[in-house]
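Right after this note come the structures.
Heads up, the next two complexes both have subunit A, just with different partners, subunit B and then subunit C.
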Partner chain A sequence: MGKRGSITFWLAIGWIAVVIVCAITAPWWPVPAPDLIDPDLLATPPCVGHPLGTDTMGRDIAARLLFGARVSIIVGFCAPLVGMVLGSLLGVPAGFYRGRPERLILFILDTLLAFPGLVFLLVFTFVFGASLTTITVALGVLTAPRFARVARANTIRFAEREFVLAARGVGAGDFSIILREILPNVLAPMLIYMLLVIGFVIVAEGGLGFLGLSVPSPAPSWGGMIAGGRDILDQAPHVSLIPTAVMFLTVLSVNLIGDAVRGRLDRREGQL
Partner chain B sequence: MRFLWGKLVHLSLVVVAVTALTFLMLDHVPADIASEVAGQGATSEDIAAVRERLGLNDPLPVRYGRWIAAAVRGDLGNSFASGQPVVEAIRSHLPVTVELIVLAQLFALLLAIPAGVVTAWRAGSPLDRTLGTVAFGFASLPAFALAIGLILVFALRLKWLPATGYTPLTGGIAANLKGFLLPALSIALVEWVPLMRVLRGDMISTLKEDFILLARCKGLPTRQILIGHALRPSCFTLVTVFGMQAASLIGGAVLIELIFSLPGIGRLLVTGIFAQDYPVVQGCVLLIAMAYVGMNFLVDVCYGLLDPRVLKGGR
Partner chain C sequence: MNGNNPKNQEPLLRVKDLTVEYPACRGRKVHAVSGVSFDLARRETLGLVGESGCGKSSLARAIMQLPKPTAGKVILDGDDLAACDPVRLRILRSRFQMIFQDPASSLNPSRTVGASIEAPLLAMGHHGREERTRQAKVMMAAVGLDPERHYGRRPHQLSGGQCQRVAIARALMTNPRLLVCDEPVSSLDVSVQAQILNLLREVRGEYGLSMLFIAHDLAVVKNIADRVAVMYLGRLCEVAQCEDFYRAPAHPYSMALLDAVPRPDPRHLLPATGMLPGELPSAIDPPSGCRFRTRCRRAEALCAMECPELREIAPGHKVACHFPTFVKDL
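Right after this comes the complex of A and B.
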């Protein structure tokens, strides 16, 4: 990695650290409450008392960004985790047993991939109610098939290796081989893949928020904030553009980190 | 050919499973469709009558069986909300989505092909790195955020194009295209990135082949080598990614269709879900699943044509 590459890498790490710290410390910042409506200051540009201005309902944009970061960070990190667990549960057995179980699991994966994601998200939140948990689980299920493909491919790669044959030779059962020999090796590529999925999930949650279907209002989400400024884009563009910029920087940083980590791993594998 | 038949059976089963899953999920939505359809002030007898008329009293497998038997004959039922046949609703919304996809993917190719060729030809150069960085930036922008930015610049500030609104083709080609320009660009500016990346990768390996060296030795101009000789054999992954993108856009351009108020499939689907208009939702899901599955099949056929071993031996 060149010098320039490593500078952007550390900038990306820095930005993500700032967003996470903001999400944790959101209630302690000296800004108005995120749902406090100031009827005298509608969609004003940055001013004293409102460092980033107010939205169309007179709510403080900075405060809403801080609390919105909680949603994006929690969903962005937990949904891929859910996807990874579900994906391993499907992908590892598929790669390990091959034959009939593999065909069945591949059929399930194809079905999940062909299923329109939006229908799944909307109906899931209709049935279980829109909350941080349901959105995280729903987005996690949506990412599961892709994780399963990674898990299956890597399981196939490791299932024939000497150490697995050796474990079988000393009488280890299937379950213990999967748990002790396969899973630790499959975990690394899965974690790398997870880094690449985080950005996708933050964008997807933003899209849901844009439709007004993320966390129920008045709780702020970045996507909802972007949508909130749509009608006054001409008079007060900052209402939409500030949350857009924050979301862009966050997704960009996550992608940069994922790309750098993957590059480093690829090089290490190449040397082996 | 046996491989393709097996594939076809597998993919048809996937479509059946997707639609069955939709039925199952919609059945669990906590809402009483019959009373919605009967309208306000309906007596319980009215509601019961509606329930009977829509066939909601039958058990789930019976309802699904009836739906799929009709669907095979090309009848997707009637909308709960408007009474319009679902097939007609899809027929009136599909052209909008198709036009959007065609334009978006055309713009994406116009960006991706020159960028991919140039970055492969000058791999590692400052130009390659700059274009790579720009592409990385666009890949991190959601299409809906791009749409907001494009509206702000081209519709509100420069006033070149309308911000929203759809003019049917009968209202003139120019007006129609004007309405599609910004939505198509919003999608294209995100979609061109993976296209450019795969083209660059394939092109770099093609440029190392012997026939390129031969063309160089013959003294052909670079432009002719790149466009005439190297581009075609490097396009295979590009075509695959292109196809999968186009297929996923049939139901995946919802936000763009909503932002620009284009009456496409995505909007039909979302309004159908909100109105609990299940026949419409089922019809859209069937269309989207078939597009996905159909594109997969096409890709497999293409692989088979290029590498006959695939057809004989399974995967």
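Right after this comes the complex of A and C.
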């Protein structure tokens, strides 16, 4: 890591660490319960008892942010993981075998990519119900084609290298070559791409919350909190702006980390 | 010169009518290797030369069964590799190994070089982890690497020459009889080239290897080979003992190749015949008859009609030309 940019990198790491710790320790913070309604204090700015104020229904914003972090973190990390696994299962064989299997898989990917994501999410949550699991899986499936393309491109790059031929030369089979020679090399670019997708997925979850498609209320999510404050943006902007700022910082941090790690990987590749 | 060992009359490797074709667009075929036959004696090194795209690497890979050739026989120690079933071939693979041109590309970048050297033992099965590591370290020392310092390194932390040493160590782990070297020094600096050539010569003696040594550099081949085979557009033009070849090449293409070797002598003029005219024709649609006729000064009507067979013009000296140059002509 170079000297320049390393401070922002560590700030980003720090912020992500804080968010993760908050998500884990949410129940033990000295704040009111996230679904406790205080009818006397609707959309109040920060005050004693409510360090970040309350939302339009008088619920504590700090508490809802803490519990909402759980949704964002789980969806943000697990959905790309689902996408990465699905994408690898499609992309690696496509890049390894080429020919007809590749064309078939690419056709499936193109179809998935052409399908409007929002419609897919609407149908998926309608059929399977809106829960943390279904949203995670749905967003994972939605990102899988992009992961598959990354996996395929990198598999092609490495499958042509001579070390694969050397492995064949000692009698290694396809499965063993994919597992031992290809996957370890494809994993690094996939993880870098995953860091970029995490940001996208957290924003997407927010968008779903805006449409009421994220975790069903009253469970808090950052997207739902932003949506909840939009009617009183002129009178009490903090109701929307505080969760927006938190989401913004989280996505920015993830992207900064992704860029830094990719720069490091590129340098390593350059030495080859 | 180990080629004439009277104890083993049967050659280690016998390649017969080897043909490699790749599908090209619109149902056409690339004739990469067409009916190549040669023998390789035990402990002998055959240098295979030819310009880029003449099918040298295709030939090497066909011998390695990576993938199997389109047609022809590759008989190693009495086993026809091309006709072997996959299970038997997997067992036989330990007897023939290959080293590649690009040392960086021939090692898995995500692995330590120690793990790369052990990989053949792992693929062949039945060795404990510690035994594999022990053998790998012994082999590293044998190819001039420091086992303690280099075992845990990754390929990008080593130089090209060191990577090639690792590749040689990996190829030797299965104790092969035949080592196919596909331009093993072409991508290295000249000083490193000499080191790697010395190492190959050393391990050849120590392990009793037969080598098929592919190169486009005639000086390198002269340095290491017992016999030389010249390839042009998928066919062998000439096979001869090393000194015969460099002293008295018989095929017009061989002569052109030798003439094209740059000489560090400013007074040396290009031969009267000049450089070879034209370009290598396409392997999709090779010329009829002799494939070299389109660039040959001696070509006559016969050359377009009839493909010249590889004929012996002197003991151990075979030429595929209707009008070869004999020593007495020079």
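The rule is simple: the second predicted complex is superposed on the first by the 268 of 272 C-alpha atoms of A that agree within 3 Å, B and C clash if a C-alpha of one lies under 4 Å from a C-alpha of the other, contacts with A are read in each partner's own complex, and residues count from 1 in each chain.
In the analysis below, a contact is a pair of C-beta atoms (placed from the backbone, for glycine too) under 8 Å apart; a residue touches a chain by one contact, two chains touch by 3 or more.
Note that the coordinates shown come from a computational prediction; the quantities given were computed from them, not determined experimentally.
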- Message: After the superposition on A, what does A:F126 contact: first (subunit B), second (subunit C), both or neither?
- Response: first
- Dominant contact partner of subunit A by residue count, subunit C or subunit B: B
- Scan A:G206 for contacts with subunit B and subunit C and give back first, second, both or neither. first
- Query: First (subunit B), second (subunit C), both or neither: which does A:A167 touch?
  - Reply: second
- Task: Examine A:N255 and indicate which partner it touches, taking first as subunit B and second as subunit C; both and neither are also allowed.
- Result: first
- If you stack the two complexes on chain A, which partner ends up touching A:L118: first (subunit B), second (subunit C), both, or neither? first
- Figure out whether A:T244 sits in contact with subunit B (first) or subunit C (second), or with both, or with neither. first
- Take the contacts of subunit A with subunit B and those with subunit C, and give the residues found in both. none
- Task: Could you pull out which subunit A residues touch subunit B in their complex?
- Result: 107, 110-111, 113-120, 122-124, 126-127, 199, 203, 206-207, 210-211, 223, 226, 230, 233-234, 237, 240-241, 244, 247-248, 251-252, 255-256, 259
- Task: Can you check the complex and tell me which residues of subunit C touch subunit A?
- Result: 61, 64, 66, 89-91, 93-94, 97-98, 100-102, 104-111, 116, 119-120, 123-124, 155-157, 167, 170, 174
- Message: Could you list, by residue number, the parts of subunit B that touch subunit A in their complex?
- Response: 10-11, 13-15, 17-18, 21-22, 25-26, 28-31, 136-137, 139-142, 144-145, 148-149, 151-152, 156, 251-252, 254-255, 258-259, 266, 269-270, 273, 281, 284-285, 288-289, 292-293, 296
- Message: Can you tell me which positions in subunit A touch subunit C when the two form their complex?
- Response: 161-163, 165-172, 176, 180-181, 184-185, 187-188, 268-269, 271-272
